[in-house]
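Below is one structure. I have some questions about it.
Note that the chains are named A, B and C in the order they appear, and that numbering of residues resets to 1 at the start of each chain.
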Amino acid sequence: MSAREHTQGRAGRLRETTLGEIAQAVGGTVEGDGAAMIRGAMPIERAGPDDLTFLANPRYAKALATTRAGGIVVGEGVQADGHNLIRVTHPYLAFARALTLLVQPALPEPGIHAGAHVHPGATLGAGAAVMAGAYVGARCVLGPGTIVFPGAVLLEGVVCGADCHLYPGVVVREDCRLGDRVILNPNVSIGGDGYGFAQDGARHVKIPQIGTVEIGDDVEIGAGSTVDRAAMGATTIGRGTKIDNLVMVGHGCTIGEDVLIVAQSGMAGSATIGDRAILAARAGVLGHLTLGAGTLVYSRAHVTKSTPEGAVVSGNPARPHKEQLRRDALLARIDQLNERVAQLERRVGKQDEQK
Amino acid sequence: MSAREHTQGRAGRLRETTLGEIAQAVGGTVEGDGAAMIRGAMPIERAGPDDLTFLANPRYAKALATTRAGGIVVGEGVQADGHNLIRVTHPYLAFARALTLLVQPALPEPGIHAGAHVHPGATLGAGAAVMAGAYVGARCVLGPGTIVFPGAVLLEGVVCGADCHLYPGVVVREDCRLGDRVILNPNVSIGGDGYGFAQDGARHVKIPQIGTVEIGDDVEIGAGSTVDRAAMGATTIGRGTKIDNLVMVGHGCTIGEDVLIVAQSGMAGSATIGDRAILAARAGVLGHLTLGAGTLVYSRAHVTKSTPEGAVVSGNPARPHKEQLRRDALLARIDQLNERVAQLERRVGKQDEQK
Amino acid sequence: MSAREHTQGRAGRLRETTLGEIAQAVGGTVEGDGAAMIRGAMPIERAGPDDLTFLANPRYAKALATTRAGGIVVGEGVQADGHNLIRVTHPYLAFARALTLLVQPALPEPGIHAGAHVHPGATLGAGAAVMAGAYVGARCVLGPGTIVFPGAVLLEGVVCGADCHLYPGVVVREDCRLGDRVILNPNVSIGGDGYGFAQDGARHVKIPQIGTVEIGDDVEIGAGSTVDRAAMGATTIGRGTKIDNLVMVGHGCTIGEDVLIVAQSGMAGSATIGDRAILAARAGVLGHLTLGAGTLVYSRAHVTKSTPEGAVVSGNPARPHKEQLRRDALLARIDQLNERVAQLERRVGKQDEQK
């Protein structure tokens, strides 16, 4: 199996097009041969004559000397003589759009496939598809173009907007609601019971979780992540928010719009995350806190206090990042501090002797 | 879609009742109008005239002035003139019980649904249900009232007690056993192979994992969590223990009764957790350790040594919490310590000069 | 239910054999009764007269005085009079092989079971099985002896080698490739979309993930883990690598051969992990780094820089383990350092007074 075959595993899904057609679609200018055929895409150092690639990070500029790419999406001011270019203002964004043009997703036939389990009380929009082995319960509503992949399960009363992709193993429990173009990657769990118990002596008595989950338009959630239903009311995830794999969103959380939450992060119950906040990998947020809009939480930070708008925090417990950096620098010199104290002890001891 | 509709997503499941009926069921006393109709439940600041709510935390007492709740479960000594109250000793516990009365879970019809895969050698108790798309293997036994939701899979020889709920995506592998009233939330994995390998030079040779998993009565496990089967013998989880989402229980662990294990925690192989222990979020316990009954492990603590009964530990590596607090306080003043040393250096330098 | 029944939950799967037959299979020498019947296996302190056990760790040698085991696999130099022994050079490895002999896995009938969903364009090798409720898409190829358990889903174009076990809840998305003898435990997600977005003002625009995942021979992945497909090219996991539960492998990672990755670890996009590296529990590796062959990453280490071959690192951020130990020792004495500074201040103050 050659490297080429690896990368062309999805070749059946890629469509041929010309550099010129791509340039037009992404609002860029061709420099070089606009008729060059493009049949795939690869990182710059591995791209071949059929591949489109891009250069967004100047760190990779030296790859221009050796790349065999058939076309390169570049920003202003990049010199790349002898290459076929698409010049744009935001090369990475333009490349993302070019890929959308190149990739022909292999969508299933619309309708209820043989072997699907769809309750007669469910409603499917035009072009929606429920594939074999999937389950769609009573009172469910699937918007136009929404696809429920094999093995995905929607219990009763789930409402999905248009063009959602619910991949295999996805579970959406009763009465949760999804907006349009929501992507749930494999084995995502939406609407499991929140973790709530009352004490009866040493025993833990379950608080029935009678709330739901509400997910906005253009949200994507990564494989294996879990979003619990609220005890009462709804756990909400705002429009455009992107959640990575194995993230835990506790019951009653309110996640804003355009938020990024990187892998293995977790939010305890009733936390509020402001719009455009970013939680790097393995960040944790305690329950009932509010993170202001645009808060940036560094990787592994453990947030124990609410943050103002635009806060930048790191560490455990999380503190303003600059403060944490200063503290880390001091801790990194703990051996020198120790040595300075030892030296002082020697000098002071000598002074005592001299008396 | 109004806020009301969100919260009433499960309205089909809520039943109407009177404040008086609820008071009687939870052993409380009505103050006000016992005939008031209750049709839902909400947090105190969002409750409307049809909703029951509760006040357990004095922090929220000021909400009494503005809440529109139709009924409030309160403890002794709370003043709330003009509201319909149910007065009890333990308001949160009573509220949990009231919710059980209010919520009418939408249970499936008993029996084997069309589209379910049930081996003829499996046995179902009275009222047990296996829904479309679920799989129940040979020699499986389902106790009365147990529900296997769509997409849940029980491989051969799995034994479940009465009134268990196995939600979609749940997997229970061969020969594992569950007690009564066990709740497994979506995509929980029970009985996967433990992580055990012997070295053969640089290669890792799999140790067949021939043990099982045993789960006691009234255990609940959160979405996406995994409990591995033992290499030999059984991984066990004691009665009444509640495990949150994305928790990892290694092979051969012995978890006691009434234990709480919060999200994203992990226990390595053959760890023993005593009864009524609490592991806060993202706690970790190394293999082969024993945590004494009632041990409290703070969030993110990394437990590397066994603990006595009633221990309270935090930090990485975990140490007694008081010691950790003292240490943290000193580390938080590292800049001051640094400054004090600098000052000493100046003073001692001056003394040297003066000689 | 007796303890015996617990451990014999899988008795239907264990086959009877003699100590002599086992010794021959593992290349060991019998000391004692080679005709002794073996019907199971247990840890040394719980083994009965029908059970095989082993002694690899001298810590457990005192158990020899009391064990009732029917046979014990031991290394050179162990004295165990009165016991039936199999003496070998590597007892743990030999025991692993003995278990393989003892355990008769309950394999399903070959072929496509009733209730399985197999696209007519899929190809099954001799002895391959697709069980009820499983899904195998168009263009899929299953090697001889490969088993797709109930509820597992292979989307179109997935290629599996021989003798793979894809347990319930496993998802392998489009065009990913698995070698021979790959074991995917319950609810593993292979080929979900990587986490890649371009900025368009405040909005995040999805980068289509057109790459795949390539998994080598003899790889095992634990329950609930996720391996994302590459943006372009392939995410690869080398031969013989063993991954534990709830691990996150980001898009475009290149994991070497015979690597061990323990539970709840995570690797960000495009990280490269060298052959025979070991990542202990909850290790984290930032994106685009390269860990040299044989690197050992301690539990909870947060690797922020590439490592040379054979590196041993720990801490957050990770540094050479010896350096981290020294630093930890100094930090552990922060209270003494504080006291020493206080004492210096008193002495220097006294000297000032004396002037």
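Following the convention adopted for this analysis, contacts are C-beta pairs under 8 Å (C-beta built on N, C-alpha and C of every residue); 3 or more make two chains touch, one makes a residue touch a chain.
All values derive from a computational prediction rather than experimental measurement.
Novice: What rotation angle, rounded to the nearest 5 degrees, superposes the C-alpha atoms of chain A onto those of its identical copy chain B?
Specialist: To map chain A onto chain B, rotate by about 120 degrees.
Novice: Please decide if copies chain A and chain C contact each other with the same set of residue positions, more than half shared, or with different positions, and reply same or different.
Specialist: Counting shared over all numbers used gives less than one half: different.
Novice: Any idea how many Å lie between the Cα centroids of chain A and chain C?
Specialist: About 26 Å separates the centre of chain A from that of chain C.
Novice: If you look at chain A, which of its residues touch at least two other chains?
Specialist: 133, 151, 169, 187, 224, 246, 264, 331, 334, 337, 341, 344, 348, 351
Novice: Touching chain A in the complex: which residues of chain C?
Specialist: Interface residues on the chain C side: 117, 133-135, 137, 139, 151-153, 155-157, 169, 171, 173-177, 187, 189, 191-193, 195, 197-200, 202-208, 210-212, 214, 224-226, 228, 232-234, 246, 248, 250, 264, 266, 268, 284, 286, 302, 316, 326-327, 330-331, 334, 337, 340-341, 344, 347-348, 351, 354.
Novice: Give the list of chain B residues in touch with chain A in this complex.
Specialist: 1, 6-7, 9-10, 12-14, 40-43, 46, 90, 92-93, 95-97, 99-100, 102-103, 106, 115, 131-133, 149-151, 167-169, 183, 185-187, 220, 222-224, 240, 242, 244-246, 258, 260, 262-264, 276, 281-282, 299-300, 331-332, 334-335, 337-338, 341, 344-345, 348, 351-352, 355
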